[in-house]
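Below is one structure; the comments refer to it alone.
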Amino acid sequence: MASNRIRKSALPGFRFSIGFTILYLSLIVLIPLAGLVVKTAGLTFPQFWETVTSQRVLASYRVSLLTALFAALVNVVFGLVVAWVLVRYRFPGKKIIDGLVDIPFALPTAVAGIALTSIYAPNGWIGRLLDPLGIKVSYTPLGITVALIFIGVPFVVRTVQPVLQELEAEMEESAALLGAYRWRTFRKVLLPELVPPLITGFALAFARGIGEYGSVVFISGNMPLKTEITPLLIITKLEQYEYSQATAIALVLLIISFALLLLINTLQRWTNRRLRSA
Amino acid sequence: MAGAVTTVASLSSEARPKHLTEARPVRYLLIAIALLFIGVVIVLPMITVLSEAFRKGWSAYMDAIRDPDALAALRLTLLTAAIAVPLNTIFGVAAAWGITKFKFRGKNLLITFIDLPFSVSPVISGLVYILLFGAQGFFGPWLIGHDVKIVFAIPGIVLATMFVTFPFVARELLPLMEAQGVQDEEAAVSLGAKGWRTFWKVTLPNIKWGLLYGIILCNARAMGEFGAVSVVSGHIRGETNTLPLHIEILYNEYQYTASFAVASLLMLLAIITLVIKGLIEGKLASSKRGH
Amino acid sequence: MKRFKSFRLLIVAALAMGVLSACGSNNNSGNNAAPSDGASSSGQSASASASASEPAKKPESVELLNVSYDPTRELYEAFNKSFADYWKQTTGQTVKINQSHGGSGAQSRKVLDGLEADVVTLALAYDIDALADKGLLKADWQQSFDSNSSPYTSTIVFLVRKGNPKGIKDWDDLIKKDVQVITPNPKTSGGARWNYLAAWGYASKQFGGDEAKIKDFMKQLFNNVPVLDSGARGATTTFVERKIGDVLLAWENEAYLAKKEYGDEFEIVTPSLSILAEPPVAVVDKVVDKRGTREVAEAYLKYLYTPEGQEIAAQNFYRPRLQEVADKYKDQFPQLNLLTIDKDFGGWKEAQKKHFEDGGTFDQIYTKGS
């Protein structure tokens, strides 16, 4: 491992900056999250296991994971197109489009949920068009996916964009000089470079989608076993004053997200290192 | 997630030679797909919000916005952002400096922890503070004994907001500072510059646009957060209601128009943010040309 | 170079602002701690600290926090005004009443976790029992005020679309194949629990208490539910705004309010049998003793029982307890047979356990193999 040979840096401030980072991280993120673990520890293991594997909870993992997965995949495809167009082409209104990408960060999730529900409900602007075709969006898993696509757009676009910008034109140039077609250049030269940021964007959008609540409850219909998402079950448990059970489910969600992010970050650094040494 | 470099590329796209871009139909098709996607996914909900907001006309819109409770919510939202954003900015810069300028074990783990609030369900981010500071929480009895209020008061709202917006600045700076390496700073130090001076004179000018963009995103999210804040707020009108919570209250009172009017206010704040970002990029472009 | 400088200034200014406002918030919490002996401890206003200096005399103003559930917004908005006038006239003291609304269970949990409510006015006794269990108020709180501490009652009725196109008259019309029923999720909504129990009670009468048949009825009923919103208002919105479903099971007051807001698009159908919903009120002992607001808090709840209070309740479509007011509004509230939670379901604790806990009858509707 490269980190074994710790190089003495000439720069000052290591202790200060890392010390402060860890302190602040602990205060705001780690200690509160540790509270979750401690509270869950109030359950015995069989109780914990029964809580997190009951039929409704299992069904909700499936709904949450599948819709988040599907939404993240859609975002990877279209996010790449949007990032590509924003970086490479010139067209009127480009700056506006670029700015709009951040809207899902800024709009309160509840507002997004209400707006999306009214668009896709059978009497809404889009729902009205889809309803005669027999396609129902609001109050189905499809509706959850739509909400999660909205939430996830900026994650993919904003991770791919900078990488696309930094790609050297020379690389493509030499590929073109060698007579490669455009599509081939894209596949053989550009795509490998774009895979790491796409994976990061995918993971962030996916992880965010698993946990999303505010925008989803409005559009999902909350039917047990069908459109009930895991965060809603956490709320349901709280509503029954079952704090430990609520934190148990929350903990499972947290572990899924954490494992996912750790995997991605490790992958990311590994590819970075490989690219740099190449 | 650095968007600050956008303009560099938009310059290069002008200069991009013909054989390095796609055939015109492909280009148009891709642009069309992108526009359609953004249009359906993002613009349509925005239009819905606006059209609902103005359904009863301009005066109803202004009434909703000038309502004292709405103004109180606006003040609280701005106050929350004014505390959370600077603190997260200081953290973001320190973390990015430590992580990108030095090598050490456990870096991945540290970065992952920093990313974590991105993916924690908002419900959980509020709940954890209740578990810590609520009356039945770990510190609850002590807090009650000393009559310090954290949850269901402003400090709880600020904490939850800080949690949710925690990674934005750091995440923005990490790839940027990673790419820039340490040569500039090392040169400055070898010329005898002190640590802080190196940071102010060498690092900050290099990262300033990325930093500002991170601050802007952090701010936008801080003002819009709903789920986490909803859990730690007492939902008391005029006291512990932020704008997103006020929107929900109005919506629950059948005041749909008013609720969307206030929502459009938040959207406006977001758009102002975007305009500022646009101005920043314009500046960056002109400073590049000046080289 | 100059640009960098101005940028640096900007950053410094931003950080300074942050530090200042952080200090400001510390001061705030300091202020919060100071006037705890005074009546108004939310401590935001200057008047609070001024009034705290003379503890012997009645402070000039006092603040109350009423933590309530969703559909009472309009009721308490009107009632608070009336009570503030009344209190000013009788004692000379200005009272400011803060309102907090939300799902009944969520609101109760907030009080449990430290939201300092002087009074709670929730959807069901179960949610106040949860507070009593933790010692926030005494176990027999429901005896503190008349009529089970429920100054007004309500019931569950049907809201249907204009002309009642599906001809819905009673509960057994709800299980017809082509009828879509809108009700919120009983797991997250107090109102939905009343809906559920009313339907259960009807089926129980119909099938002479044969549990298997009742469960089958409930299963058919919930098969007709396309959306389970998390709260009562959400369900109303789904029915009214999104135009989904043929019938909305709702609080009587909620149904009237929706009709008032949306005019002639809807009709109210009163079933042959429903349930007597008694939304209870209580003073939170622990909070009023700490804040010294017991007197005004008790007066506040007692005022709900006065002719003025009852009149306001009736105007907001809650059934008044006081006979003279009830007589006046008797056209508004049709007579029907009402089950009660205590007689027909053995009280809330038992009903909660049997129907709404994990694995209860509601869960059995959705889980396979039951």
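Worth pointing out:
Note that the chains take the letters A, B and C in the order they are written out, and that residue 1 is the start of every chain.
By our rule, a contact is a pair of C-beta atoms (placed from the backbone, for glycine too) under 8 Å apart; a residue touches a chain by one contact, two chains touch by 3 or more.
These figures come from a predicted structure and were not determined experimentally.
Counting C-beta pairs in contact, the chain pair with the largest number is A-B.
In this assembly, the chain whose C-alpha centre lies farthest from subunit A is C. The geometric centre of subunit B is 35 Å away from that of subunit C, both derived from CA atoms. Measuring from the averaged C-alpha position of subunit A to that of subunit B gives a distance of 16 Å. Residue positions of subunit B touching 2 or more other chains, listed in rising order: 87, 136-137, 251. Within subunit C, residues 112, 241 each touch two or more of the remaining chains.
In subunit A, 118, 235, 238 are the positions where the chain touches two or more neighbouring chains simultaneously. Partner subunit C is touched in their complex by these residues of subunit A: 54-56, 117-118, 121-124, 138-139, 217-218, 221-225, 232, 235-236, 238-241.
Those residues of subunit C lying in contact with subunit B across their complex are 3-4, 7-8, 11, 14-15, 17-19, 21-22, 25, 28-29, 32-33, 36, 41-42, 44, 65, 70, 73-74, 98-102, 110, 112-116, 134, 231, 233, 237, 241, 257-258, 261.
Looking at the complex, you find that subunit A touches subunit B at residues 2-3, 6-7, 9-14, 16-18, 20-22, 24-25, 28-33, 35-36, 38-39, 78, 81-82, 84-91, 94-95, 97-112, 114-116, 118-119, 125-126, 149-150, 153, 155, 158-159, 161-162, 164-166, 169, 172-173, 176, 182, 204, 207-208, 210-214, 230-231, 234-235, 238, 243, 246-247, 250, 253-254, 257-258, 260-262, 265-266, 269, 272. Chain contact summary for the complex, subunit B toward subunit A: residues 1-3, 5-6, 8-10, 12-14, 16-17, 19-23, 26-27, 30-31, 33-35, 37-38, 40-46, 48-49, 52, 87, 91, 94-95, 97-99, 101-105, 107-125, 127-129, 131-132, 136-138, 159, 162-163, 166, 175-176, 178-179, 182, 185-186, 189-190, 194-195, 198-199, 217, 220-221, 223-227, 230, 243-244, 247-248, 251, 260, 263, 266-267, 269-271, 273-275, 277-278, 281.
Put simply, subunit B touches subunit C in their complex at residues 79, 82-83, 85-87, 89-90, 130, 133-137, 140, 143-144, 146-155, 158, 200, 204-205, 208, 211, 215, 234-239, 249, 251-254, 256, 283, 287.
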